[in-house]
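Next come two complexes, and both contain subunit A; in the first it sits with subunit B, in the second with subunit C.
The block that comes next holds the complex of A and B.
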């Protein structure tokens, strides 16, 4: 069980909301997707530690029922599923959200049952803790990279390729001049990515144990075959 | 639409798990399966084309918020699959089935109606039945193809090394070094050299300076 994969943390939060109020939340999310209102989500962009995040409102009849043998759900509340992939620790993330977009949070969790508002911080922490579910398997295609690393890498790649295309490298002096311009242009995006900093020591310990278990299992399977 | 942002798709599936019987807890069996999946580049999801980040967990029940809220419980347990990927849903699901069919069968093996899934087309149809629509999907990246992103990460890492290694060199040396750098990193080649999906550490062979050092030894 781990919410951590490399530099990413997976948060899952499930919270109830009265069914007759859920349409207001749907309207808020719908408006949040419109260009005019998306400026109100600017805080999310400012929180550049987020890879991807989503909210899904699921009413009782929207819980999938695939077979007659599956009992019908009898719940009354609509449930809001929140999923986030972010860089850093749980505290850093929740605190950043609380500080950068408190009003946005209060809109997204508008009238959720017992939602305490994002300010003050401690009741908000308790609310998220109470409603969080642990991930059983988490996969990240780039454990070494943060969301900012990916954006920076895309910018470097674009400029580097353009530099290679535009320069025929005839004169070393001209090349050096253009190279220095390129370096000046991309220097804010350059950085060496390392497995550190780790998000949590306990997550690292769990990972080491699991890797050892995996090797032991494979060795046992090989020796018994 | 809440499932798409730029070129990224956010798919959320709630897959009902079979009811426990006297001998088996199918939700626990599903959880055990998830807990023992290999991690990172050994995860089956590393083989699924264009997967950025994804997670799986078992939803046992909903949480009671305390009085005066109503206490209520789910009748079924659900396997929740939340994945972020590049491209369209059906192509992704077909790619997933074709890449890791055996793992998919193991993971979803205790889910209701999954026994009817025999082909990639069946898997797409099954996933559609389990999908819930996102109300809002936030994409903090560019949503480009994964191989482009991994190549970009590789290039940025090696260009950072290049900039440090060649600081203060003469124009002639710098130009020669850059020519070698471009020949080694092959910026237009998305297949190689590049970072592998789920990679947790760089091998020496991926580092451009390893190759230039080897060449120098060869010429010496």
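The block that comes next holds the complex of A and C.
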């Protein structure tokens, strides 16, 4: 039970809305995709700690049953599912959202049951805490990479490829000049990736136990083979 | 909205930077408590000496305030200390975990490893059966004033016999291991005058957050408040709840605080760290790097590391050494003109010019320098206070300081020791770094972990603060710190690379403290704190 894998944190929040109000939220999400509104949501893309964030509405009829044998439930509410993967700690993320795009948050969670608004912070913290669903299993293929690192790597790769294809280096001087230009072009992307700083003392303790278990497992596997 | 702080109830070091007000000397004393009643008696007896934030009388203004003392005294408690003093469990449990854990337990967050690990701290922090409970700090205008105040405190201590103990074990000059207190002071020049320098040669103590209710000159808000699009100057004062419990903070609520509320109000948290400076490594690095890669000279590399020239001029505003020197020269000349003004008109002119010049030390942001071509994105002051630059010029947040307003640090403290022998790293020289704020984890720990020892918020992956980062060593024993000096974006200049940066600063001991109000001190002293 941990929401953390490498530098990423997985957050899942599920909140109820009265079903007869949910059309307003659908309208808000639809409008969010329009150029006029999306410029108001620039904060979401500028907050560079976010891998992605997604909101989805599920009405009572849309809830799946695993199998015909699963009894039907009477579901009273429409639910809003919020999923996000980000870099850093829960506090860092929630607090950044609350300071950077409070109006955007209030729109997305418009009329969700007991939503307290994103300002002040302590009631907002309690609301998210109360409605957060813990992650059972979370896999991260690139535990050292933050969302910034991925974007940087893509940019460097693209520019490097172009540089190689350019290939008109008639003299060392010309090469030097073009190479300096390339370095300048990628200067904000040249970084070193290393393991994450610890997210919290408890997350660190979990990580240590996991590594120890992993070693024990490997040793056992080695000795039995 | 104007806010008035209850200055008479707030300890003086929250609002006043003593160092900037001619208090060039300090002494920090640590105590253990063996007996609850003795501890409480000590507090009751030292209370009349505690300096509050009540303004000091100035010579040309006798309308209010108290006379400026020769020496000040302040008192703060560790979590262990509050326990020893018999605070009820309900109050103890209401303190935040960062504080109750203490600095030692949080070392993995702070990056205090290797030479900086708690085992290697000054012995005073490592007494197995005598844990630090109380910190008393004295700041003085002279060594005599310090010594006199110290004696008064010794008398109070004698009054509680064996119930309390002053802890020895501060390291000092010539290998001393067991000093009874930590001495600190400004660094003095050859004429014997105090300077604002620290041991790497930088002018320090320039920038500090400007918050509501302190009664300071409102013009100082520019560059020291929070960046704001609503104010014509571009800056607004910070809410006091960022630095004091019981007041509104930047999230428009009163900060989380221990109970009962009277225990918390007008109090705050304080971080104490003795930071040793490896002066030889620093000088050597500058000299080697500038020899091997002479595009920048030593002064320029030093300036790019800090974000300020060693004379204090901010590099984003004064990008060349010449501009920085001229700026500081005109500050000095104006000061001279001010001192020698012959009549009221000359005085007024000089005063105006002087205040305009002084403001330029702090009145800047990085809006015109987003690419970091003047002040590198990873420079010490840009990391520790990005001044709205984490919005990356997009105007995308509700306020440009969205990611920084809740991470501001009120810095106090002074250098210690002597670094005139630059041929070695060991010895006794560094900074007693103290920072105050309403939340240790949100402010100090965040800055230390995310902005000093990591770089993702600056899109710099794991790159660390060049001056403060806990750089490791590579297989050949060289430092493995790195930094990149950005160039004008879109030009054909290559950025400048600094590699093999060694660790310039080691941690030699510290703790988290609670700095209560005068009211709370009364209750703690009498043993009448009750949250029910």
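Keep this in mind: the second predicted complex is superposed on the first by the 206 of 225 C-alpha atoms of A that agree within 3 Å, B and C clash if a C-alpha of one lies under 4 Å from a C-alpha of the other, contacts with A are read in each partner's own complex, and residues count from 1 in each chain.
Methods note: contacts are C-beta pairs under 8 Å (C-beta built on N, C-alpha and C of every residue); 3 or more make two chains touch, one makes a residue touch a chain.
If you're wondering where the values come from, they're calculated on a predicted model, not measured in any experiment.
Under the clash rule set out above, the superposition-derived model of subunit A with subunit B and subunit C shows the two partners fitting side by side. Look at A:83: by the touch rule set out above, it reaches subunit B but stays clear of subunit C.
Angle at the C-alpha centre of subunit A formed with the centres of subunit B and subunit C, after superposition on chain A: 130°, rounded to the nearest 10. In the superposition on chain A, A:149 makes contact with both subunit B and subunit C. Touch criterion met: A:103 reaches subunit C, while subunit B stays clear of it. Touch counts on subunit A: comparing subunit C and subunit B, the chain ahead is B. Legend: residue contacts after superposition of the two complexes on their common chain; A:179 is shown touching both subunit B and subunit C.
Of the two partner chains placed by superposition, only subunit B is touched by A:25; subunit C is not.
When the shared chain is aligned, no partner comes close enough to touch A:117: not subunit B, not subunit C.
Legend: residue contacts after superposition of the two complexes on their common chain; A:71 is shown touching subunit B, with no touch to subunit C. Once the two complexes are overlaid on the shared chain, A:190 sits against subunit B and subunit C alike.
Aligning both complexes on chain A leaves subunit B and subunit C separated at their closest CA atoms by 6 Å. Overlap of the subunit B and subunit C interfaces on subunit A comprises residues 45, 48, 149, 152, 179, 183, 189-193. Subunit B contributes residues 2, 8, 10, 12, 14-16, 19, 31, 34-35, 37-40, 42-43, 45-46, 51-59, 62-63, 65-66, 69-70, 72-76, 78, 80, 82, 84, 112-113, 129-130, 132-142, 144, 146, 148-153, 155-157, 159-161, 163, 170-172, 174-175, 178-179, 182, 187-188, 195, 197-202 to its touches with subunit A in the complex.
Those residues of subunit A that touch subunit B in the shared complex are 1-2, 5-6, 8, 10, 12, 14-16, 25-26, 29-30, 32-33, 41, 44-45, 48, 50-58, 62-67, 69-77, 79-81, 83, 85, 108, 113-114, 130-131, 133-145, 147, 149-154, 156-157, 160-161, 164, 169, 172-173, 175-176, 179, 183, 186, 189-193, 195, 207, 210-211, 214. Those residues of subunit A that touch subunit C in the shared complex are 7, 42-43, 45-46, 48-49, 87-88, 91-92, 95-96, 98-103, 119-122, 146, 148-149, 152, 177, 179-181, 183-184, 187-194, 197-198, 201, 204. By the touch criterion given at the top, residues 101, 105-106, 108-109, 111, 250-253, 256, 371-372, 377, 391-392, 394-399, 402-403, 405-406, 441-442, 446, 449-450, 453-457, 459-463, 482, 484, 486-495 of subunit C touch subunit A in their complex.
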